[in-house]
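Okay, so chain A shows up in both of these, paired with chain B first and chain C after.
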Partner chain A sequence: MNSYLNPNQKWLARVNPTLKFLTIAAIFMIYLFVHNFNVMLVSSFAFFIFYLFCNGFSRKLSFWLVTMTFILSVFSASAMVFFGKGTHMLFEWHFMTISIESMTRGLHLGLRTFVYGMLGLIFASTTEPVPFFYSCMQQLRIPPKYAYSFLAAFRLIPIMIEEYRIIRAAMKVRGMSEEKGLLAFYRRVKRYAIILLAQAIRRAQRIAVAMEAKQFSMVKKRTYYYKIGFSRYDLIFTTLILFIIIGAWIFSSYVPLTPYNNVLERSY
Partner chain B sequence: MMSLTNSEPFGVTDLRLVFPKEKDLFFKDLTFQYHQGEKILFLGPSGCGKSTLLQVLSGLIPNSIEIPIKTRESRIPKRCGIIFQDPETQFCMPYADEEIAFVLENQQVAQDDMEDMIDQYLTAVGLKLHHRHQLISTLSGGMKQRLAVASVLALKPDILFLDEPTALLDPKGTEDLWKTVQTVSKDKTLIIVEHKIDHVIDYVDRIVLFNFNGQIIADGPKEMIFNQYRSELRQYGIWYPGIWEETFPDGEILKLPQEFLTEPCLILKDFKAYRGKQVKFEVSQFQINKGEWVAIVGENGAGKSTFIEGIMDLIKTKGDRVWKVKNEKNDVSFVFQNPEYQFVTDSVEEEMAFGLVIRGVKEEEIQLKVNEALRLFNLDHVRHLHPFQLSIGQKRRLSVASSIIHKPSIILLDEPTFGQDARNTFSLLRQFERMREEGTTLIMVTHEEEIVHRFATREIMIHNGQIKSDERTKRVVQLEGVNT
Partner chain C sequence: MSKRLKLTDILVTIVIAIVFGLIYKISGPLYDIVKILGFQAEQLTYGIYFIAAPVAMLIIRKPGVALLAEVAAAMMEVLFAGSGGIINFYYGIIQGAFSEIIFLIFAYKKFNLPVTILSGLAAAVGSYILDYYYGYLVDLAGWNILLNVVFRFLGTMVISGFIAYFLVKALEKTGVTNLVRPASKDDYDVLNK
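Take a look at the complex of A and B:
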């Protein structure tokens, strides 16, 4: 079998990408309906540990991404914590009212954001675009024309980043970046947009023609260089995920860390 | 003409083609036919329709590019491989092996056979990778083009169409690519569109010459074309062998006394330029003098661009960098390799004026100078167009003209003649020489040896991020009797 040569040696990279994608999407849905603060608390801790051991980023990048996710979670919590409704007041100052209800709901929301963030990072750091789209074609029967369009588009991203750097330098040389004010800012944004889009459209068209010249569109059936199948890693992955979700439920029903079993209920 | 096989010729009869939104027919009753095994070169001025005809002959038009055409008769080969100009936009996969596999997948080759075939095609084009699974983005332009050849070989084509495949390659890449094409196309039909014909000329046997209006004015053995149509070749900007000597005979370019060039305008001391966190160029002591024409040469990735971008302070640098000019912003100008990146307005006229407007020059004076520059750079007739609508040559001229309109005393240029036809290159070089005569200092990255030998006063060779050699060229001479 032709397995995908992955520079990323984490075992999660060997899990079938479609399975990984659908499992994570399913967890997203499941946690939308979890209103038990204790479960959320335990799960987010568990997923955080899972992330720490299984992510595919470098340490430094990982640190910053987790910090970003944490900040994002704090933001999403704060709106509810400070301004949510509730009857058991803890703190009041002008518009700011913190009640036990708003506090728990806010923290609950924050934890949910954090869990989603962790799962997203796990997926992003252990999934390469090529096997993902091959898997989509093979397991989900996604038509090749969409899968390969995405893959071709991925190639354009680094080119566009480099292009952005050059345009920025060119603007500096031409004296464009010295003009101050809103109008100048608008003109600059317009310039970047025109140049980047013009180049991107031209490139996309050329790539499309080159792909057709390689007889891409003429075929309905195709073979695959990489066969993306299932392995024992898929079993490990799903078992572990189920273990975390069910484990978090069981743990919090036997050992409730806080009294807030349902954040939607009003009184405690 | 003798054909190698007795089969009917390929080609089109009475081709009519019109571009959308254009009133006139681009091709009117054009007939072109060829037989299997022929090696054909299309020559003609830029924009004459060589590439368009090639796309019709390969079936790209109208199958993939929707342009209305009409023919009385057409025979398009079933198995053809096409190599395009731009190395960046021929691939849809990130890794080299995957790109060839993509072609194999399209042809429903069994998965088990793929790896061997991929290796076989990579070997055929002489690509020695550490592993077939290598990121395409780490390859040089020339290697990318050879990978493109490898992937179209996987189509098992009878006919190879090459649409200016070396226009964006350096001399080394160009040479390697043509060697590769020669070895892989021995028993194949070749149709080539190309401006730089030094390397292909020995290999083709038939030349088709187009004029500005997309008509075929000559079609025959290469010797005949070279003997009878030399003035057309020159007029169309084609890089035929010997063109440099014909255009700039030795002695036409002024010799310069050595003493002329001693007053410094740029001094570098313990200078380092970075790409990201890596030092990519380093020099402990360096000086450029007023009135010099400095050519910076070296292989791809040696650090030439890093060097001049460092001088311009466009990337992170360390060490001393002293300009001996009145005002750095007004006196030092930079022309980028791709002109489109530096266009900041929506018309040629405004583009030309921009450098003066931001320096607060008076309206009437701007008008005067813009008109003069438009005439000088032959852009008068396109003054109202958007810069992106210009031809490659016009874009290049506009980018140079708009960077020098405020009369800077030092100009840095990153491969200003790259991808230009001979006519454009020579007209640019004449402009540069005129500027040098007026006292402007030119610092230019180039791959073209002829420019270095004929125009530059100093040649700096960069290797591995350091100056490997720094010499006066033969333009600069010790004049007898000056020192005494």
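Take a look at the complex of A and C:
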């Protein structure tokens, strides 16, 4: 069988990509309706541990991405903490009104953002576009013309970046990057956008014509270079995820770490 | 003339979406930094996340393009570890669908500035549906919600209305849009003369 796997990859890379994506998409929906701060606290801790053991990034990149996610979580909490509604005031200063309610709600939001960020990183670090779209065609029955278009489009990214460098260098040679001010900035952005988009569309159109000629859009009787199925890793993955979600819920109903069981309640 | 999406339409849409997906990914951290102030100023730039749908639709002018463009841009953000993670995927679907509805209402026949602005604003309305659940928006102080709504709609109108429309106008001058647009009735009229 043709293998798309690199032998050094983590076990999560062997989980069926569609299954992994749908599971993570389902977890999103579940946590959208969790308003219990304790459950959120335990789950975010559990998913963080899961990420630490299972992510596919190098250590340095992982450190920066986690830091970014953490900062993002703090930021997404800030508006709610500072300006949320609430009656039990902790701190007041001009516009700023921090109450117990707004604080727990804000922290809840922050943790939720953190969980979603961790899940996104787990998925992104262990899923290659090629197996993902092959799996979409085979398991989700996505028409090949969509899946192959995505794959071809991904191949164009390095070319676009190269083109961006060339345009920048060409403009530098002509002294066009020297101009300052808002209007010059607008003109520069417009110039880049037009050139990059126009070139990308031309190239995409040419590639598409070639792909259509080679029957990439054919649906009937298709064979696939990579066959993607299910394995025991899929079972391990779903069991672990279920264990975290249910475990966090049971743990916090027996051992509530904080008194805030519903962040949407108006009074405690 | 077939109104169904061919491989060419799909590939061009996705490539346009990827260009904007890269912009989404770059603007993500900037957006997050402005967020800390808490005065909703970041909402002024929120409109950038709706731009892929109207631009792709104005270029290709076929049913389904707006939705596909927005979902593709979101998918690209998820696969390349954009900030926010999996949530982008859902925002992509809902914003793309709302954007698409406006073009559908005009039966995919009108592609002028007001329709472009409307489609951006529709995407903004769509984004509030998720925000209602995800961000507990209604539990913010009244003035803060008002700022949020006003800033988001203003920014959307400018970015995914005016900028999207004039970007495509400028692209039309380069001639690339003729490559990918379905032949219009005017084109056939020219042949019949």
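In this text, the second predicted complex is superposed on the first by the 259 of 268 C-alpha atoms of A that agree within 3 Å, B and C clash if a C-alpha of one lies under 4 Å from a C-alpha of the other, contacts with A are read in each partner's own complex, and residues count from 1 in each chain.
Just so we're on the same page, a contact is a pair of C-beta atoms (placed from the backbone, for glycine too) under 8 Å apart; a residue touches a chain by one contact, two chains touch by 3 or more.
All figures in this text were calculated on a predicted structure; none of them were measured in a lab.
Considering only the touch criterion stated at the top, classify A:173 as touching first (chain B), second (chain C), both, or neither.
first
Is A:198 in contact with chain B, with chain C, with both, or with neither (first, second, both, neither)?
Touch partners of A:198: chain B and chain C.
Is A:211 touching the first partner chain B, the second partner chain C, both, or neither of them?
In the superposed model, A:211 contacts both chain B and chain C.
Could you look at A:221 and tell me whether it touches chain B, chain C, both or neither (first, second, both, neither)?
first
Is it chain B or chain C that touches the larger share of residues in chain A?
Counted on chain A, the partner with more touching residues turns out to be C.
Looking at A:121 after the superposition, I want to know if it touches chain B, chain C, both of them or none. Which is it: first, second, both, neither?
Touch status of A:121: second partner only.
One more residue to check, A:22. First (chain B), second (chain C), both or neither?
Neither chain B nor chain C is touched by A:22.
Taking the superposition on A as described, I'd like to know which of chain B and chain C A:152 touches: first, second, both or neither.
It touches chain B and chain C both.
Report for A:30: first if it touches chain B alone, second if chain C alone, otherwise both or neither.
A:30 sits against neither chain B nor chain C.
Answer with first, second, both or neither: which of chain B and chain C does A:90 touch in the superposed model?
neither
From the superposed pair, tell me which chain A residues show up as contacts to chain B and also as contacts to chain C.
After superposing on chain A, chain A residues 129, 148, 152, 154, 194, 198, 203, 207-209, 211-212, 216-217 contact both chain B and chain C.
In the complex of these two chains, what residues of chain A are touching chain B?
Checking each residue of chain A against chain B gives 2, 5, 129-130, 148, 151-152, 154-155, 158-159, 163, 166-167, 169-176, 178-179, 191, 194-195, 198-199, 203, 206-219, 221-225, 227.
Tell me, which parts of chain B touch chain A in their complex?
That would be residues 58, 60, 63-65, 81-82, 84, 86, 88-95, 97-98, 101-112, 114-115, 133, 136-137, 151-152, 155, 309, 312, 314, 329, 333-334, 336, 338, 340-344, 354-355, 358-359, 388, 403 of chain B.
In the complex formed with chain C, which residues of chain A make contact?
Residues in contact with chain C: 24-25, 27-28, 32-33, 65, 68-69, 71-72, 74-76, 78-80, 82-85, 95, 97, 101-102, 105, 109, 112-113, 116-121, 123-125, 127, 129, 132, 145-146, 148-150, 152-154, 156-157, 160, 190, 193-194, 196-198, 200-205, 207-209, 211-212, 216-217, 263-264.
Residues of chain C touching chain A in their complex?
That would be residues 5-8, 10-12, 14-19, 22, 29, 32-33, 35-36, 38, 40, 59, 72, 75, 78-90, 133-136, 139-141, 143-144, 167, 170-171, 174, 176-177, 179-180 of chain C.
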